[in-house]
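In what follows, subunit A forms one complex with subunit B and a second complex with subunit C.
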Partner chain A sequence: MRVAVVGAGPAGVRAVEQLLRAGIEPAWIEEAPDGGGRIYQRPPPGFARSHRALYGADAKRAQALHATLDALKPRTDWRPETLVWNIRPRDGVLDVVTRGTRPGEIRFDALILCTGAMDRIVPVPGWTMPGVTTLGGAQIALKAQGAAIGARPVFVGTGPLLWLAALQYAKAGASPALVLDTTSFLTKLLATPGLLWNTPTFLRGLRYTAALRARGVTIAEDATPLAIEGEGKVAALRWRDSGWREHVAPCDAVALGWGLKPEAQLADLAGVPFRFDAAQHNWVPERDAAGRSPVPGVYLAGDGAGIGGAEVAEHAGARAALALLEDHGRSVDLALRGHLDGRLRTEARFRAALERAFPFPAHLARRMADATILCRCESVTAGELREAARLGAPEVNRAKALSRVGMGRCQGRVCGPPAAEVLSEALGIPVEQAGRLRGQPPVKPLPMPMVAP
Partner chain B sequence: MTVVRVLEADRPRIVLAVDGVPLEARQGDTLLTALLVAGLDGVRTSEFGDGQRAGFCWMGACQDCWVLLEGRGVVRACTTLAEEGMRVTRR
Partner chain C sequence: MNRAVVIGGGLHGLSTALHLARMPGWQVTVLERRHVGRHSSGVNAGGVRRLGRDLREIALSVVSAEMWQDMPALVGDDCGFTPGGQVKVAESEADLRKLEARAEQVRALGWTHEEVVDRAEVRRLLPAVAPHVVGALVTRGDGSADPMRTVMAFRRAAQQAGATIVEGAGVTAIERTATGTLRVVTPDATHEAERVANCAGAWATTVARMAGEEIPCGVKASMMIVTERLPRFCEPTVGAASRALSFKQTASGTVVIGGGHQGLNDPETETSTVLFDRLAHAARIAAELFPCVAGARIMRTWTGTEARTADEIPVIGESTTMPGLFHSFGYSGHGFQLGPAAGAAVAELMARGATNLPIAPFTQARFAA
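Let's turn to the complex of A and B:
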């Protein structure tokens, strides 16, 4: 049986581990030069910080994952720096390109997609300016490059990453000028009982906030970003506090992020149907609790299958591999299966509380000013998308055809969620009825000679 | 743009050429880091007249940091490691 695993983050590593235990040597495809994923991303050769310095409280998990990754790679058909740009599910073929130049095909009978996630964004006026990054981007700069996006950055958004990234910057000497959380303290407080499903993580979150306050970092909750100001580079963030007073925070960089969204384009191309998950406020590919998609032979794990975080991803990766093995007539370790199912159930309760604690501020996207750039690839404004609604676009794919929102190089990865909010508000329909941008091959741009054989 | 080195800045120096001008970087830098730490105002010009862009996601997703790399064609600056002697053109 030919098995392919796409992605070598926490989910991919634990999936491959279980496949190898069962004697199956998968093709293992990773877009980056090395595995680890985003949260446990390793710096390139030449950097020498310890796991403790790089991953803080997650150092032990990161170290264990990297050790497993390194032990597994030589036992598989390991394909780093390789992008899966298309899936032909009926033929069982992945179309790939290595180092952006070498094309290839990988055949599979079964497939585990562990494709990860990226930041979820609400456009703020000025957000295309140099100096503005995603929260994840700000963290990658520090972790993988030893660089800060600015000497005096501002962090804007909501979610655990907001606090973690801000504290990591403060410790590295690039102390944030402001941490702006769009969620109120009360909202977070009300989610506390559910957050106790994972007490260590919950307490860690409280510790981050306290540590930032102790360092004198200004923290604003229930606040609203109004505009990133500057001429060609970031000079300040204009924002409004919970009492509707306006402020200007001078800064040289801004990081934005409101939780994560699955990178699920490959699941889409594999023919997996999607559903709108109201709690996450995300479109997610359909799967059962073990990671089986409705498409035979296609399994999903990790944040690409719905946001759960790195710890869940490890469990989900292993669980999806067990499901694959069982479906193909292999016996599996029942104790392990039971353990993983239990952990995934508990973590799901924690995640549900986390979503309540850090809700996506859909209202900010829905109220975007007409003049604000919504699609940064094509420089299309929110007003132009609203015009598409007036022209009769009933959902985002038609609106894309009319306005070019989501038609650029990122294929709507960045603007998709806020575009659906703007459109649904303009049409007066629930956001799930505005639909989602369909994935198209190639899932990322390719050099022309690649696609014209 | 004000990307600053704050940790492990003391790595071996390498030299690239950006728009024909020598630019000093460090081994392990991505092209995005190298260009922005050097103080360039961006890595590409938006085709739509709204100024410079300097990437956004730093993880190969947003495609907003494309540069032209001699011998390779268009690459994402955030996922391409800088190497001695590389010749980069901003567009």
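Let's turn to the complex of A and C:
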């Protein structure tokens, strides 16, 4: 049986571990030069910072995952720096390109997709200016390149990553000018009982906030970003506090992010149906608790199958591999299976509370001014998308055809969710009815030299 | 008041509806199975080209070109039309001789829009073209337009002229009533009309069959590539004398590469699929002619489904089995430019039974032999 695993983050590593235990040597495909995923991304060779410095409280988990990763790689058909840009599910083929130039095909009988997640963005006027990045991007710059996005950065958004990224910057020597949380303290407080399902993580969150306050960082909750200002580069963030007073925070960089969204284009191309998860406010590929998709032979794990975080991803990766093995007539470790099922159930409750604590501020996207650029690749404004609604676009794919939203480099991975909000508001329909942009090959831009040598 | 039903909300259906609705005494309804511009009308390469037309198509194409020059007068929008010219490059002396013979053939028929240019002029027109290009056949005043914008402009103009456009209305039957009118049936309604137009594109043969008429016609699904945005390097739309290529840089800087390379097509599910190995062939041709695109990245690929006749020119004319029904389909991948004039011709056929526009070569009688 030929098994392919896409992704070598926490989910991919634990999936491959179980496959090898059962004697299956998978093809293991990773887009980055090395595994670890975004959360445990490794610095390039030659960078010497300790796990403790890089991953903080997660250092032990990161270290364990990296050790497993390094032990597993030589036992698989390891393909780093390889992009899966298309799936032909009927033929059981992944179309890949390695190091941007070398084309290839990988054949599979079964497939585990551990494709991870990306930042979820709400466009703010000025967000296309140099100096603006995502929370995840800011974190990667620090972790993988030892570079800061600025000396006086502002962090805007909501969710655990907001506080973590700000604290990591403070510890690395930057002076965060402001941490702006769009969620109110009360909302977070009300979710507290649920958050106790994972007490260590919950306490860690409180510690981050306290540490930032101790360092004198301005913290605003229930606040609204109004505009990123500057001439050609970021100079300030204009924002409004919970009492509707306007402020200007001088800064030299802005990191934005409102939680994560699954990177699920490959599941889409594999033919997996999607559903709108109201709690996450995300479209997620359909799967059962073990990670089986409705498409035979296609399994999903980690944040790409619905946001759960790194711990969940490790459990889900192992669990999906066990499901694959069972479905193909192999016996599995029943004790392990039971343990994983239990952990995944508990973590799901924690995750549900986390979503309540840090809700996606759909209203910010829906109220976006007409002049604000919504799709930065094609320079399409919110007003132009609303015009598509007036022309009769009943959902986002039609709106894309009429307005060019989502036609650019990112293929709507960045602007898709806010576009659906703007459209649903313009049409007066629930956001799930506005739909989602369908995945199309190539899922990411494909170098011409590859197809035209 | 006379009633007309147009089946198909693509460019040809909308253009027919627009022209007919502007004639006094006509109430026009467009029935579109999905939505306006769903297939090739909305996603084609947007070439507005007289250059290299089948000799039988040139006359209609020339009429259409005049209409493209003044689109705001016709539909109140320029449809993104830019007359950057169309250039077919010669990559060898043999190519150049072929193009010279072609230009001679066109001139002999009395047309002057195709012009052979030398190495120096082709470089002036296409500064980024590869050094091996020795000359070209050029039509100045041709160019390209934005297909989706064009479809929406025709839709708006047709509606303003009084036409009704019904989306999500797939036709299941056409019958003759006792009083001699035609009845067009959809799952939700029936429409009685004196005249009906079949502009159903890749599905037009199915509509013809509803009228008991068999017209031989296949389908095609031409594939397209679009690259990321590049600095401006090319104004005209470019083809090649002996290789399948259509190449243009859009206003936003992206490069659209096509040329009739065929994807997979499934008329039953109304879907078509890109075949990447064939697309690679198109990309290679493009990179050989314009070395500066060789390093660009491909952002998107797509296909659009369209009807293709055996001789690759359309069918325009009244049904032989059901008088009152008029066909206009089978444009075989180059119908976009013909849209304005073909719609006028079909509208005149429907209203008056005759037209002065040059559509005689397109009669389906040519397949009878």
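General remarks:
Assume the second predicted complex is superposed on the first by the 449 of 453 C-alpha atoms of A that agree within 3 Å, B and C clash if a C-alpha of one lies under 4 Å from a C-alpha of the other, contacts with A are read in each partner's own complex, and residues count from 1 in each chain.
Note that a residue touches a chain if its C-beta (ideal position, glycine included) is under 8 Å from a C-beta of that chain, and two chains touch if they have at least 3 such contacts.
Owing to the predicted nature of the structure, the values given are computational and were not obtained by experimental measurement.
Legend: residue contacts after superposition of the two complexes on their common chain; A:89 is shown touching neither subunit B nor subunit C.
When both complexes are overlaid on chain A, the residue A:56 reaches neither subunit B nor subunit C. Looking at the shared chain after the overlay, A:409 reaches both subunit B and subunit C. By the touch criterion defined above, A:125 lies against neither subunit B nor subunit C after alignment on the C-alpha atoms of chain A. Once the two structures are superposed, subunit B and subunit C can be ranked by residues of subunit A touched, with B on top. Contacts of A:441 after superposition: subunit C is touched, whereas subunit B is not reached.
When the two complexes are overlaid on their common chain A, residue A:401 makes contact with subunit C while staying clear of subunit B.
By the document's definition of touching, both partners, subunit B and subunit C, reach A:378. When both complexes are overlaid on chain A, the residue A:142 reaches subunit B alone and has no touch with subunit C.
Contacts of A:160 after superposition: neither subunit B nor subunit C is touched. Residues 378-379, 408-409, 445, 447 of subunit A lie at the contact with subunit B in one complex and at the contact with subunit C in the other.
Contact residues on subunit A toward subunit B in their complex (touch as defined above): 31-33, 38, 43-49, 53, 100-101, 118-119, 128-134, 136-138, 140-142, 145-151, 172-174, 232-233, 252-253, 263, 373, 376-379, 408-410, 413-414, 444-445, 447.
Those residues of subunit A that touch subunit C in the complex are listed here as 86, 95, 378-379, 391-392, 398, 401-402, 407-409, 411, 440-442, 445-449, 451-453. For subunit B in complex with subunit A, the residues that touch the partner chain are 1-9, 11-12, 26-30, 33, 36-37, 41-42, 46-64, 66, 72-75, 78-79, 81. Of all the residues in subunit C, the ones that touch subunit A in their complex are 35, 37, 42-43, 148, 152, 167, 227-228, 252, 274, 276, 279-280, 283-284, 286-288, 293-302.
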